[in-house]
Amino acid sequence: MKIKLIIVLFFTILGFIFPLASWAVNNETDAANVKCIECHERITPNVVNDWKLSHHSREGVTCAHCHGLDHTTSKDSEEARLPQPATCAECHEKQVKQFRSGKHALAWTVMNAMPTTHKLPMALTKGSKGCGGCHKIGEKTPEEVAQLKEEGSGYGHAACDSCHTRHIFSKQEARQPQACQTCHMGFDHPQWEMYSTSKHGVRALLKQNGVLPETAAGPTCQDCHMQDGDHEVRTPWGFLAVRLPLPEDEEWRKDQITIMQALGVLDPEGNPTPRLEVVKAADVIRSTQADFDKEREKLLNACSNCHSDKFAKGELAKGDDLIKKADHLLAEAIRIIASLYQDGVLEKPESYTYAFPDLLTFHDAPRPIEHRLFVMHLEHRMRTFQGAFHNNPDYSLWYGWSEMVVDLSAIKDMAEELREKYEANGGLAKNIQLETTTSPEGK
Amino acid sequence: MLRTIIFSSVLVSFLAIISVNATERSATTLSYACAGCHGTAGVSAGTSIPSLAGLPSEYFIEAMQKFKNGKRGATIMDRIAKAYSNEEIVAMAGFFEQQTWVAASIEVDAEVVAQGQTIHEDKCARCHLAAGKYTEYRLPRIGGQWADYLYFYMKNAQIEGFKQPQPKLMKKSLEGLTEAELTALAQFYAAQ
Amino acid sequence: MLNMKRRNFIKAGGVVAAASLAGFPFISFGKSTGRVVIVGGGYGGATAAKYLRLADSNIKVTLIEPKTHYISCPMSNEVLAGERNISSITVSYQALNTNYGINLVHQMATEIDPVQKNVRTADGRNFPYDRLIVSPGVDFRWDAIAGYDESAVAAMPHAWNAGNQTLLLRKQLVAMEDGGLVIIIAPPNPFKCPPGPYERASQIAHYLKQHKPKSKILILDQKDKFSKQGLFKQGWKQHYAGMIEWIPASQDGKVLAVHPDKMMIETDFEEHEGDVINVIPPQKAGKIAQMAGLTDKTGWCPVDQKTFESTIHKDVHIIGDASIAGKMPKSGYAASSQAKVCAAAVAALINGQTVAEPSYVNTCYSLITPNHGVSVSAIYQLNDEGNIVSVKGAGGLSPMDASAWEREQEANHAHSWIRNILSDSFG
């Protein structure tokens, strides 16, 4: 696993250094007669129309500048080059450089690093109907793009168009909070729902529809996370709200260790695993205090447009505290399940590396109890702290914390039941496994 | 074959003059008047006057509008463009777009052309694809265009205060190029 | 193929174009059997012939022109300065035949019978026509200046038709000693090429400045103002300070008589002796137009300015310098522009179609030095009264006080223009 991912990363980096090969054209005489618009005005009129509305068309950037000159007839559409950030970087160097130092650029790599990804139907992953639909924002190496083509994944592998949708590629559009909406919503990261119903979002949206004046305060996603148009998007706590160094608070420290063990970045003995290296490389967690502080400072800078430093710090501290409390609930649930493995009540699932719950198997969790843990972690814990940072009271409490408490009590119940059955079966874990494959309640 | 196309396109275009409403000046009538300076059917024979044949209509319209509105500097086209209505400009754009491009024929110095190619690849190739021969929408064909015209265009773009609307990247690319370098670039394109 | 020399292009184009005339019957207007005769092969006549065939390849076009080669008046002033060889502005008529199937008759047209609709040439041949286009250029008023008749041109060349006269004037300039005086007599309006005398003065000054810097040029003008006056005077001051003196008619510029034997010119109050004297005589429509009764009392030809059909004789069209074409000046470019309008009208009339709304243009470059060009331009349309008027708010002169770089570009455009107008008219 480690080696494979390192290779992936190596090619990713290689891709950055050597942007798309030369633009040499095989038949230069024909180049003079390439008439993209003439055909596409009929075939895909809105693509042409969008482009005509774009800044690109005004600046003389035409079809061939991004798609090359090789596709000239309906029979050779495969020859059309599909742009990657490297293509955009040829003009928008600064923005792509920023993008590459943020989390978005690694989205594709991260998706592929999840064991679950490889168990899902292709349509749901690389086919963009699931994970890939959003994770496409990550940069792909030329080799990956070639492979995607070979696998028949189709189109939609560009990254920058996640926010600057094709073919208008509007700066203005990408500055609106709706630009983030498609991906930052739903199960594991409903930032759109949290933000848009928070006072921050409500005011921003009221500004959009003209109820509030344009100059009124009302922060967009970008105002905090992409200040001054900086395409490097990173957050202090990262996606999973685990980080290094570990907290000084003894109990929280232990809880974070437990969660990291369940994430598979620490082994059951607390030693770093190969997955930690991958996670660090993919920039999923902040691995130093300075790294965390830098991102926190950036956010506070945005807060300070409207709030006093003291107020803002206090609010963010409440979020931190909620992570600590939520971690305690989650860690307890993890430990309960871990003890089931330890005591032989449950057999270690085959796909697990250790006899310890693995949160990154997602819904491929083998039994309802592990599945409940996954939901507790990826849906409810996320809502608890994300709701706090996005200032949405309902999400933190009812969709987050409250659900975690319910999850924990259900897991306790299920564990107890499993132990009883185990005892009743004379210590045969296998029988239990077969009998408890009913779906979990609640979700 | 190429010449046949030129000739027949001129003939076909001319038909428009007959069918047009007599109170409007047809595309052909209007465009034929340009030929004294820009050559028959927009194929120029003069080194500083650009060929218009085959230019994308969008480029033509934008250029003429800007000449007309004083947004593009010129020695003479600003004065001439003012004579035409927007509809007439569109009509002429359509006429010239239909004509067939004929590349300029000039004596070039291979060494200078090679120098121009280096600059092209370094600074211009990203937009002016296929050695400047690719043309679409607002991107004009420059491969095979007359060298003096291209040189004047680029030289003017370097003059502070001269109204030469162009992409930011192009402005940046042209910055600091010496007269010799501009000449080399112009020769490279003309040689295509 | 794409990099072939332009001359080759014209040749190659000829072969294919001729083939396409036969090969594209769909472009014709049916079984038209129109016969159009064109008299005079200057910019006007040649352009009319070419564009008629482009308009309707079924029309039989005959161009009657005594010379086998045309020498352009535009740019011939550069020949005087030694900046240009006359061969560079000499073109054969052959391309008109090869490329466009125009019947060339190298004879002098001696008689036009507008009633029988026939043109007779010096060799006695007859050329019946359905429509006739006359593009005769100008003739000189030999009676206007005492002492200046056709025999005087050897001593005092007019050089106002390019060719031997141009070369003669050049020879005289070359032969003149440093410190000599060149006199140019500029004609009264209207005359062909309004800025021409002043460009000529500039070009001669350019030559003298390099080779005979103590020499002077005196322009005796038969009028009080002239084309591009401000631009010329600014250019002269800049390049030829103290070298060119211009005397307007009202300040004793008016010439009473010339004496070729004494190389002397008489005005009201003075006698001027010159080493080289260039007399540009007053003008009227070309001889054949006068003979055919196409001129009015002004000496020029009145026409319907939409079709250039004579208002005197039906089915005869007059274009170029000889015609009264509203506000358009008498120039090669104007003649060629009128020729296109006229060709379209003639094709339409022959085919019983409506004559389309015309558009005319004239751009005129003058070279003050080889690197200092100035221009005047106008776009014309027909007004409600049927007169050619310039489109308001457009055209006009090069700006005063422009930079040397702008003047240099215009000089280049002038040189590009001559290549284009020659190829558009004769190629």
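Chains: A, B and C, in written order; residue numbering restarts at 1 for each.
Simple rule for what comes next: contacts are C-beta pairs under 8 Å (C-beta built on N, C-alpha and C of every residue); 3 or more make two chains touch, one makes a residue touch a chain.
These figures come from a predicted structure and were not determined experimentally.
Chains B-C form the pair with the most C-beta pairs in contact.
The chain with its Cα centre farthest from the Cα centre of chain C is A.
Chain A and chain B have Cα centroids lying 49 Å from one another. As a whole-number value, the distance joining the C-alpha centres of chain A and chain C reads 77 Å.
Separating the CA-averaged centres of chain B and chain C is a span of 28 Å. Contacts with at least two other chains are made by residues 144 of chain B. Within chain C, residues 2 each touch two or more of the remaining chains. In chain A, the residues that touch at least two other chains are 29. By the touch rule above, chain B contacts chain C in their complex via residues 1-4, 6-8, 10-12, 14-15, 17-18, 20, 22-26, 28-30, 32-40, 44-49, 75-76, 79-84, 102-103, 105, 144, 146, 148, 152, 155, 159, 191. Within the complex formed with chain B, the residues of chain C that make contact are 1-6, 8-9, 12-13, 16-17, 19-20, 23-24, 27, 29, 51, 54-55, 57, 333, 336-337, 340-341, 344, 347-348, 351, 353-361, 363, 375, 377, 379, 381, 391, 393-396, 398, 405-406, 409-410, 412-413, 415-424, 427. Residue ranges on chain A touching chain B, taken from their complex, read 23, 25, 28-29, 31-32, 34-37, 52, 57-65, 69, 90-91. By the touch criterion given at the top, residues 101, 125-127, 129-131, 133-139, 141, 143-144, 167-169 of chain B touch chain A in their complex.
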